[in-house]
Each structure stands twice: as C-alpha cells, then as structure tokens.
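Following this message is one structure expressed as structure tokens.
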C-alpha cells in the first residue's frame, strides 16, 4: 500500500480556525520543505497538506478549517487516532547556501516556510520572515518563527505588528534590504504579486501554489496551472517565479 | 541513417509510435503542449462527456507498486467548455489529437463527437470500456448492439478515424470484428481493469468509489495477450496498444504483439514526461542494433515465431 | 483465549481459512500431505479431466516479479489414475479435500465428479475458468447455459458441496446468482487472467502456448473487486477468494472484501509452504490486537464503512 | 523478465553424445554446486541443466543428447548464439568443511560434481572422485577432475580404469577408505543404491535427482518424488539421503 500509518500525538489549537497536528509515522520520512503529503482519513477524504515540520518519524501539519476533511480534523480527530499519509510529494524549495533569504507568508502559508526556516539555519543563511495575518485573533506561530529567524508581522485589521497586508510589509522591507532569494507561500494573488515584484527587481523567487489535487502523482491533470501546463502536484507546489512569468503579462 | 520511427495509424501519421493515453494529462491545452514537447507521437484527450462531471471525491488514486488503481469518475468540464482547450490545442499542437469521447447513449456520443470534430481533433476514440463509472464506459460497451450502433452513428459524422477503446472483456477478435464491421477504423486495447484495494489497517476500501481501474506494469501481460490475439485474427486492423508501457522494452513488447502504436499512461507517475524520450531513444537504438530500418517491420513480429 | 480461525464453508469445516489453490501441488498424495502438515485449512486438487493430458511443453511458467504467468495446459493423469492419489489422500489427510474437475461437456464433468466423489473427496470445484486450454475451463464457462447445466448435473450426483471457480469475466453478481440458482453451493473467485509475455531480446512469446494465465499479487486488486461485488449483492454466498494471496495482509484483504476462505496459489513460488503458517499467525495476531474473537467477524467487514 | 541472456562462448565436444557449453551471461550469477538452471531456447523448448561451473558471468553446462532441446543444442547451437537462463534454482550440495569427501558420478552426472570439486578445494577437504562410464568412448572430463582432486574411473564395457560399474568401484573404495561425506549424481538406481549403502554405514550422503521439470518454482507439482512429496526443483535436486530413506524399504 502506498500509505504510511500515522498516529496523532498531539493537537494544538493555534487560532479559532487553525490547528497544529503532531503525527508519528510508522516509518521515517524525509521531506524537503515545500513538499506536501496527501492525508487520508478513511471514510472522510484525502487532502494535500504541506509539511510544517519533519524529523525522522515525527511530522507536523498546520491545518485551516475549510470544508469536509479539515472540518472533520478540527472537530473529530483526537490524540491516538490514526491517519494515513502518502508522500512526500512534489518539489520543495531550492535551498540557498549562505546569503540572505526572505520568507513571505500569508495565513497557513507559513507552514512550509516554518519548516524551511529550520532547514535554512544549517545553511549559514541570514533569514528574515514576514508573516501576514488578517486580524489580531488570527495571529499564530510568531514565537516559533522568532526562535529561529528575524520575524516581522503584518495585520490587516488589528493592532499588532505592521498595519496592512504582508505585501505592503514586503514592499517596505525590500526597499531597504537586499536578499538573495525570496520564498513565498500564500494566496495566489499574494504569490503572483510577490513574483512580479521580484522578477522586476531581479531577485530569485519561489512560491508554493495550490490547486485541487486528485492523483497527487502528476498524471490526472487536475492541478495544472494553465495555460502553462505546470502541475502543482509534481512540477510544484513550489514553483520558480520565472516559470510563472508568462502569467504576469498583464501588470 | 537513423532508423525510422514514423507509423501510420488508420490514416494518421505519427512521428513515432508513442501516444499519450486517455485520462492522463489530456485535460488542458498547456499539459498537452508539454506532452508534445516531450516527444509524443500523438495525444489522446481525457474522456469528455456532454455534461460537466465533478468526478469522485478523493482518494481517487492508489500506487500499488506493481501498478496503479484509479477511480477519478471521468471528471471533465463537459464538451462545451472543453472545446475551447481542444480548439487551442488543435491550432497550436502539431501531432495528431485524438479526442476521447464518453456518453450514456448514442445521442450523447454523437453530440460530443460532433463538437470535438468541430474543434479540430484529428481522430476520435470511443470510450466503451471505463470500468468504474456507472452509465458510461464498460456499461455501454458490454452491450454489443448498443456499442455497434454508437460506432456507426459517430462514424457517419466523422471523416476522421474512429477508434474504439476496449476492456479485457471486449478483447476478443469476434467482438472487435463486429466493431470494425460497424465502421470503427481501429481499436485501442486495453482500458483499466475493474479492481479495488482495501486498507487492512483501517479495514476500509481506499478509493472513495471503492471500485476503480487497475493500470500499470501489472496489466501489461493482459494487454499483450489481447493485442496478440486481435492481431492474429485481424491482421490488418490498426491497434493502439495500451497497458503498462513503462519504458522502451514494454513499448516494444506491445508492438511485437501487434500494436501499431502504444499508449503511455500511468507510468508517467513514476517516470514523468521524460518517458516519451526514453521510449523513442530505446526503440531507435534497438532498431539500429538489430539492423531494422523501420519500426513498422516490428509490428506483430512475434507472430513469425 | 487465542482468537478462533475456524471457518465454515458451505458445510465444510476448516481449521483456518487458508486453502491450497487448484493446480498448485495438488497432483500427488505426498505433496498434499505436506500442505496439510504446513497448516492449510483445506486443499484443492489440481484440475483433473477424464482423459490423461500431457500439458504443454516448456516453457510453461514465467516469473514476472509482480506476478506469474503460466500455461501448464492442465496436465494430469486422468481421473482413473488420479483416483488412486485422491483415495489415499482422502484416507490419510484430515483437512477437507476439494477435487477440482475439468471437462469439455456435461458428460465428462459428471464422469470425473462421480469418480472423485467415489474416491472420497469432501467437495467439488468446477473449473469453468481456466483461460488457456482450448475446449476446457473458460471456454465452457463462457457459455452460461452450458455452465448452469453442468452445475445442475454435478449437483444432482453430489451430496458434497459444489463450488464453481470463475474468471473475471464471470465475476458478476448476475452470473454468480445464476450459478447458485443451478445448485452451486459456493463460488471460487478468481482464476488466472488471460495474458502473455513476449521476450524482447528474442522477439518471441515465452510460453510454448503463447497465451497463459496471470496470477500473483498483481491480480489481487482484481480479485478483491470481484469478491467485494459478489459479497455485496449476494450476502450469503460462500466465497473462496483466490488471487495474489502472498501473506496475511493479502489474505485479510480478501476476507475483508467478503471471502470466507482464501486460496493460496503462486505465492508458494516465493514463500514456499511456510506461507500457510505465516498467514495463520498473522491473522491470529491481528484478531488479538484488534480484540476480535473469530475470523468470521471479519468476513466482508469492509462493507460496513 | 525472469531470464538472463547468455551468449555461447564456446562449444566443446566431449564424447559423441556429450558436449560442453561455455556461456557468458549479461549479469553475474552465483549458483551453488548442485543447483540448476532452466535453459530456454526460443522456439525450441526449456530444460533443466545443472551448473557444471560458474564464475561471475561465466557458466558451463555439460549436456547429453537426449531429445528435442538437447538435440537442437548439439546440432544447431554455435558460438555467438543467444540462450536464456533462469536460475539458479533448487538446493545444492551442503559443503563440508575439512574432512574427506567422496564424489560418485555416473555419466553427465559428473557435471555438478565437477563444480563441487572446485568449490570444495577451498574448504580444506580431502576429495576423491569416482567417475563411471559405459564404455571407453564415453569417457570425458577425467583430466579436468584429475587437475583438482584424486580421481578414479570405472568403465562397464571397456579397457580403461576399473572394469565394472561405478557402484562396484564405490564398494571397493569404501571398504578401505573412510569418508565424512558422500556426494552422488547419476541415474536414480545408482543414487538409491549409494544412499542405501551409505545409510547402512552411517555415512552422510547427498544425491542429485531428476524428475520432469515444468515450473521449476516448486508450485506445479510435476517434479515430486512420491509418495514423499519431495519436489526435485525446490526441495532438491540435491536431497539428503536420510530424506529418501522411506523409499529404500525394499532392500
């Protein structure tokens, strides 16, 4: 069978719509930051989730409540429950060695970037993370980031951090600091805006994209970014900004 | 001179005998373009139906190691929306584009085929064999009379070649010759085989639809027998061999059995699009080493022994 | 208390749900005795016919990695000579002995079944499904009327349970219920699947008969679907699940799908006779870990979800 | 595919009905003496043959002309031709370490024993070989044996070596010498007679048997030694004398 068996070790409520799941697998796994897994809950469904962390058999997911499966996870899963995982799937972030990296996340997009921060530390990089949230009560994982890297946050409607979107914050930061690489994960508009900006400035950029996943194996075509024919499950989810360039023609 | 891989298939000219199998990446223009760039000789689209279909919920795909199980549920945007992709593909892609058509009755097949032809496809493949969607595919194909009347009807509006895609249950020379008698120009053998997997840990079926279709290397011997027997009884019929092609040896095995061209399907899960180049290179090398001038010489070669 | 593996199968009591599949070692008393000693719950003999049959020349067997291809050609010494083995086996072996019967017509089936019953077998399995011997097996089984009349005839002389062994082509609840209506006590699903392999190096088919039957892990998903669908539509029918059982997980998968007992066939090529002990131990451990008292609780369990 | 590809490197005529084939495989193989291969010649057939020698990719068979396939080999095979091999199959000889071993061969039965001699040399064993032939012009491989081990031959109708059968020779030898192990390969009567004798004297004995082979994988039942249920292809071809004891009841 293609699934590994996972046992929920702990569930942490991060915000009213986001939880963190710590899972222990029956076998070691070694994903790259940016790669994802298909998580199957028998009788419920199967969804893609980015690895938020991984160490031998221990992995973390950060899950926003959206619909059927994520709702079931939030409402029904308890420590000790079994889940099934296939992966790691897809292509993760290209890690730079040395230099300075900027991480830009929107909402649960910080999941793969947190994992990336942990890995970049050993690469002798300077890392700065920009985390964007909608409101004060949606803020999470800031302490976790701060323990690893220099972190700034933006809140659209709230009192903490910078007021505004993370894109605004990004523009402010990029005006005064230079980076060798920008890593992004957020809603598609955010990703595209960041890519456009970076390409203009000539800064390499990679962003993690989402599409409806079905096979997760690069054959069904369901996750294609058209008309480029880039499969998020296989060619992505992390995609080099320059690959996306043709989508940005309209400014 | 480098050996010739070009094949002719019911009037279609393919630069080499590899064809993207139906249901694999053939849902969007962009993906089809990449398949052309990867070297394929032709492309079959995802099976398209008259109405849009959501498909089944996840899980829809299981990697079994020796093969794959899938029950996508024929998700597709319906022929109206798909015509846009098809039209663009027909305009910008130079290799033959075979539109795979699904339906629940003659009328639906006619309607979809008509629009696909309109959009500029180079040929039609009638999906009479998908084993896990109720009302479609094999349920239609199991009724020989109905299948023949669908073939006749579609053929009546198509100046392009019409292939019937068959399951193992139709992989009998007597049935195939009825299809040919109804006007089919060729046959695509085989579709996936009805199958299921149960997870022992959770004691539940894995696919949301429970029943799916088996593909991959493990069905290759079944495809080889089907192709071999059809070729033996019907020496002239154009055959697209499909099932477990995961490299040049597998492609050659189907060709030796009698396939004029071979579909490449789920092996893309393991080898990605490079598989087309790998097959093409492998075949070319084999032909050169053995002193053959053209891949056509090898079609059905195993029948000589 | 250790969980109970005993199962009941159309009146036969098996100490555990493993059965030696037909064609595997069941040709001689000595081999059958070893299978009993290895722990099997029951034994099916090699298919025996009225007249002796030489079988096909070598090669008759191909190991494909993910499964096996064979075309033995039903070699057997004929029922007269085989009765000697069977009689000795019936006398000295304590687990149920199911005689697999082959024939070209009703009369041959009756004759062979009569002698097998005479020799003391505990049950009969009608081979209506062997896919590569002309005039036998699937060629008989493809004719529904003929199959039913054979079942009726054999049943009329047998007080012992009669199973019909089916191929994927007969693995449909409507066909199986016709068999049951004709008197069959149960169904054995599935036989090997028509298949072939061509050696690319020599460009020739490998099997001397060209066409053979595919068995092993690669057909398990196909067997699972067949069993699942029969169990769903015919909740009471005794099913011997066969196909790709290569360990306790595979055995359990077939049981969860609805098999009351499971045949063990070509996996013996890789695991030898220890496989029976391995399955038995594995099932016992699984039942204990999950708190089940009897394997019977798991028959068709996957239907609950 | 389960076949290895072999190319005939050389063919040597040993007697009018026996030839030696040297074959180079596409991949290394590592059989034990006593194990066999199924040799397939497309369009002709497939037969079991004991390894007469093996070193990485290079193997030898010694083949007596019997019928269809062996006849084809004798008449048609040429250096450069391809053959196909599956194996090594079955169970070979148990090699003793130290002590003295006696090898008893009849006709082409010397094939696996020659291979065994080569391997026993490195085990610090004293080895003696008794080779039996029907007539003077059927003698072969004596020099090959003599280069490795102490060798005596018997000829039933001829002038060389001991007059008589190899069984007679065996009885003579065993009367004056002690061995820790006897290895035999010949016609079934020879094997059985040797086993009976050895069991009586309490000397461990192993013999290589033949039956019609079909699957070669231990599942079809064709090669069973009945009523013992011993499969030559899997439990054998080399069988410990004590396993055969029930067959010897009649003296």
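Per-chain residue numbering starts at 1, and chain names A, B, C and D are given in the order in which the chains are listed.
Definition applied: a residue touches a chain if its C-beta (ideal position, glycine included) is under 8 Å from a C-beta of that chain, and two chains touch if they have at least 3 such contacts.
What you see is a predicted model, and the numbers here were worked out from it, not measured in a lab.
Separation of chain A from chain C in touch steps, taking the shortest path, is 2.
Common neighbours of chain A and chain D, by the contact definition above: there are none. Ranking every chain by how far its Cα centroid lies from the centroid of chain D, the top place goes to A.
With each centre defined as the average position of its C-alpha atoms, the distance from chain C to chain D rounds to 37 Å. Once the centre of each chain is set as its mean CA position, chain B and chain D turn out to be 51 Å apart.
Work out the mean CA point of chain B and of chain C, and you get 33 Å between them. The multi-chain contact residues of chain B, meaning those touching 2 or more other chains, are 64-65, 197, 200, 202, 204, 305. Counting partners per residue, chain A has 42-43 as the residues that reach two or more other chains. Viewed as a contact network, the protein chains form an open path, each link joining two chains that touch. Working note: touching chain pairs come out as A-B, B-C, C-D. Interface of chain D with chain C (complex): residues 1-3, 5, 38, 40, 42-43, 45-47, 82, 84, 86, 213-222, 224-231, 234. Note for the complex: chain C touches chain B at residues 64-67, 69, 168-169, 193-198, 200, 202-205, 210-211, 214, 217-219, 221-222, 224-226, 228-229, 249, 252-253, 256-257, 286, 298, 301-302, 305. Interface of chain B with chain A (complex): residues 23-34, 46, 55, 57-65, 68, 70, 72, 75, 88, 197, 199-202, 204, 206, 208, 265-266, 268-269, 272.
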